[in-house]
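Chain lettering (A, B and C) follows the sequence in which the chains are written, and residue indices restart at 1 in each chain.
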């Protein structure tokens, strides 16, 4: 019966309009029937989508673990039952993947810190303060997302070459410290969802603007913080085009660039690419699981309050 | 209320105007990091791209001024027309699909039932797998002859479309592939749903509101800032669709999946028509800006910010 | 009060900014190291992991023998090569020596960023005639040479021995003509009832085994036309093409016949009728024959599921044979500070010794130097008849056209070929349309501005 006290306003299934009104008068048995039906439906829909969403991963797992010969056999044999770790061993040794992983870890951790700090700061500015030109600047900021990266690639490369930044991590890291539009916008929206009274009250109590950001806005937008940290992690971890173009020597390569080395114009070493791609997913998967826990624990706190 | 008082208002020379000025100062202080980054690293390449759209440039020599020639070329460029059509088609189909599906999934997931965290993680997984690996997997799964998808449909006695090799099916297939990346949107929605104060539901329940009513009166308005954010972002993103069409179809068959970003790429890096690619980019930006401004304008009607007036 | 607060938040924002900038500065990686009198040579490659593995072994040996060089290997995965190449051209930062295929070599020549090697070759007493002419021509323009090929892999006819055995059809030979090919292809094609195209009840919509996986699917299919006397290139530069000329139409109709009337070859624009791409029927063991380059050897041997051999491409009615190369090679950046050293390294990298040892033996391709060709003969692995490759080198040519606008012509006409093979557009009409588009999009080499 605990569930009835938890917030479940989002039911889209069975519960007809007015069910809530009759809540206390309707017989217990019928209610629990409805609950069972609802549970079945919800779990059914979710399981269907879960299967759908796992398809590519299943296919990758299948490829990674099957003997090399079967990887290239057509029509593909699914789950031959022949499981081997050879692909992982050969893949790992084919290229310096330990180095790639370390590099990616470095790039990702620095850019996540940069992204979350700078974007929340800028997002707070856009959310909290009105100023002349704010709307225009906001549009300009969004406009930077509207240019295909391929178009600005060449001018950016020229710029970074002039600065001597080619084959360093600076072209990858520097944008993260100046606020990323996607995250700025995300933070702006979440800060705007915080009732204004909180800020006004704090201001009257003598809180500085930076204090408003640091002590009120950030703690209250914790789901947004965790969400953007998650996204920034995935974004940096999987970033492909920029490292591909701006890094030149193998000792600097990130994981994604390393993986691309298995892929040739005529012939791809899929039996090595897939297992190594899977290895590359593991760290982000850990971050996601932990991150989701955090969001969830935030929910718990709210519920228990 | 929050609009800065014009300088000319003499009636309250002190407080409001000074407060507005102070706000202005603080605003620029907070957004300073972005402003610096924009001026240093983004404005240049952006303006360069716009400028080069009026020229022919072979990367090595000085660009040759062509005025509006590239923009005129577009009028009779059938490939451009196809790309424009396909991009708008993709956008119009994939944005509502992604928003509706992810909101639905997020609502289903936003429960304290057993196993929900597992589902959340599963839905997010396709967003973690990136790059070549996953696109190759799509190629296998949707291979008309040997793919698992058609194998499954065949065993169920359903028709087996040619997917990416059939001009009629190619774009719908690309749109379908986009569904796999809604996991990220679901996560944003979940974060948004958790920001909704539970007191609101308690109060509504006391008032005898049903679930559907609560969804419409509380949940949707409360997550509307998130919905708005996602709509703008997903729209902009949908106009940038590149990776799947680049890897899987190269725009074919019969230009059925040629999108503007892909056509821009082809012009810049395959055809050495950098000026034309830049002009196409300008068109793409104009479309994206127009759609974003439209969304911003409509936002006033349906986006609800707690206790904040206006945008 | 307000003012005090204001100052405080100025300060805090400044601190945060400072913090960010310090972190940023902290990641700047120090460049280079000991700078003595050594010559730094940047070597740009676009290799796959397997190619790199053996190439780096060879490079280690060169480094040992030439301590005066500091060779910096700059590797770009093939997916990003086009972007990087163009960006390096625009920023004037091309590596001293750069691995380029033919289309990009020609682009670099047009843009004037590749060094004309003609004088260096003469001064060094270097003999370019040791390279197969078909591989060399991709690096030439107006009689000047701008690069040296490292490997060139001709398309040859692969055949699945298992299928031939099962159908009791004689294996192809190096003496085959295209009519032999057609006869065998028809005999080896089956629908799901076991009928061949010659049987009355044959069902072309449900073919389960194809005789041949090949068709001139697009512009770059010269080798399919030349044996029939219908080369679509109108001149050696191939900056003018015609698919509607009578002899080209006749050649094309042989293929349309094979696909549409004999039903002995599939037409699948999705796999591009290329042999060796995932999903192609030859690799799947569902086609008895297919044309492909040397890279397929590595792929087939890796899977080990197909028992196969190769022969030369068949001869046309008048005995003419043709094939096309996929070519790797190196060029030198025009702005290099060390043209002599760069050329010396280029010579080593493309030498018969180096390419035999570090390119052919590991199975990456066939040396472009004639004197290295024997390295491709490998008795330990399939195929047995590697001599067919060496024989095909003699008449192989680079994929043409490679003039400006060629890629655009190719993309713009690909659908026409599809619709002709599908029988939706009459042959002559479709090819006339292709010619119109090609004339519009392809730039003639001599018609400069």
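Just so we're on the same page, contacts are C-beta pairs under 8 Å (C-beta built on N, C-alpha and C of every residue); 3 or more make two chains touch, one makes a residue touch a chain.
Quick caveat, the model's predicted, so the values are computed rather than measured.
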item: Labels of chains that are neighbours to chain B and to chain C; value: A
item: Pair of chains ranked first by number of touching C-beta pairs; value: A-B
item: Distance from chain C to chain A - Cα centre to Cα centre, in angstrom; value: 38
item: For chain A paired with chain B, centre-to-centre distance based on mean C-alpha positions, whole Å; value: 15
item: Junction residues of chain B, two or more chains touched; value: 26, 29-30, 33, 59, 132, 136, 140, 145-146, 268-269
item: For chain C, residues that touch 2 or more chains besides their own; value: 9, 13, 20, 79, 83, 86, 90, 278-279, 284
item: Residues of chain A whose C-beta touches two or more other chains; value: 74-75, 118, 121, 150, 154, 174, 177, 209, 260, 263
item: Contact set on chain B toward chain A in their complex; value: 2-4, 20, 23-24, 26-31, 33-38, 40-42, 44-46, 48-49, 59, 104-105, 107-113, 115, 117, 119-134, 136-138, 140-141, 145-146, 148, 179-180, 183-184, 187-188, 190-195, 197-198, 201, 204-205, 208-215, 218-219, 222, 225-226, 228-229, 232-233, 236, 239-240, 242, 260-261, 264-265, 268-269, 274, 277-278, 281, 284-285, 288-289, 292-293, 296, 305-308, 311
item: In the complex, chain A residues that touch chain B; value: 3, 6-12, 15-21, 39, 42-43, 45-46, 49-50, 52-57, 59-60, 63, 74-76, 78, 118, 121-122, 124-126, 128-132, 134-135, 137, 139-148, 150-152, 154-156, 159, 174-175, 177-179, 181-182, 184-186, 188-190, 192-197, 209, 213, 221, 223-224, 226-227, 230-231, 234, 238, 240, 256, 259-260, 263, 268, 270, 273-274, 277, 281, 284-285, 288-289, 292-293, 295-296, 298-299, 302-303, 305
item: Touching residues (chain side chain B, partner chain C) in the complex; value: 18, 22, 25-26, 29-30, 32-33, 58-60, 79, 132, 136, 139-140, 143-146, 162, 164-165, 250-255, 266, 268-272
item: Chain A residues touching chain C - in the complex, by the definition given at the top; value: 68-75, 94-95, 106, 110, 113-114, 117-118, 121, 150, 153-154, 157-158, 161-162, 164, 166-170, 173-174, 177, 206, 208-211, 214, 241, 244-245, 248-250, 252, 257, 260-267, 269, 271-272
item: Touching residues on chain C, where the partner in the complex is chain B; value: 2, 6, 9-10, 13, 17, 20, 79, 82-83, 86, 89-90, 107, 110-113, 268-270, 278-279, 284, 404-405, 407-408, 411-412, 414-415, 418
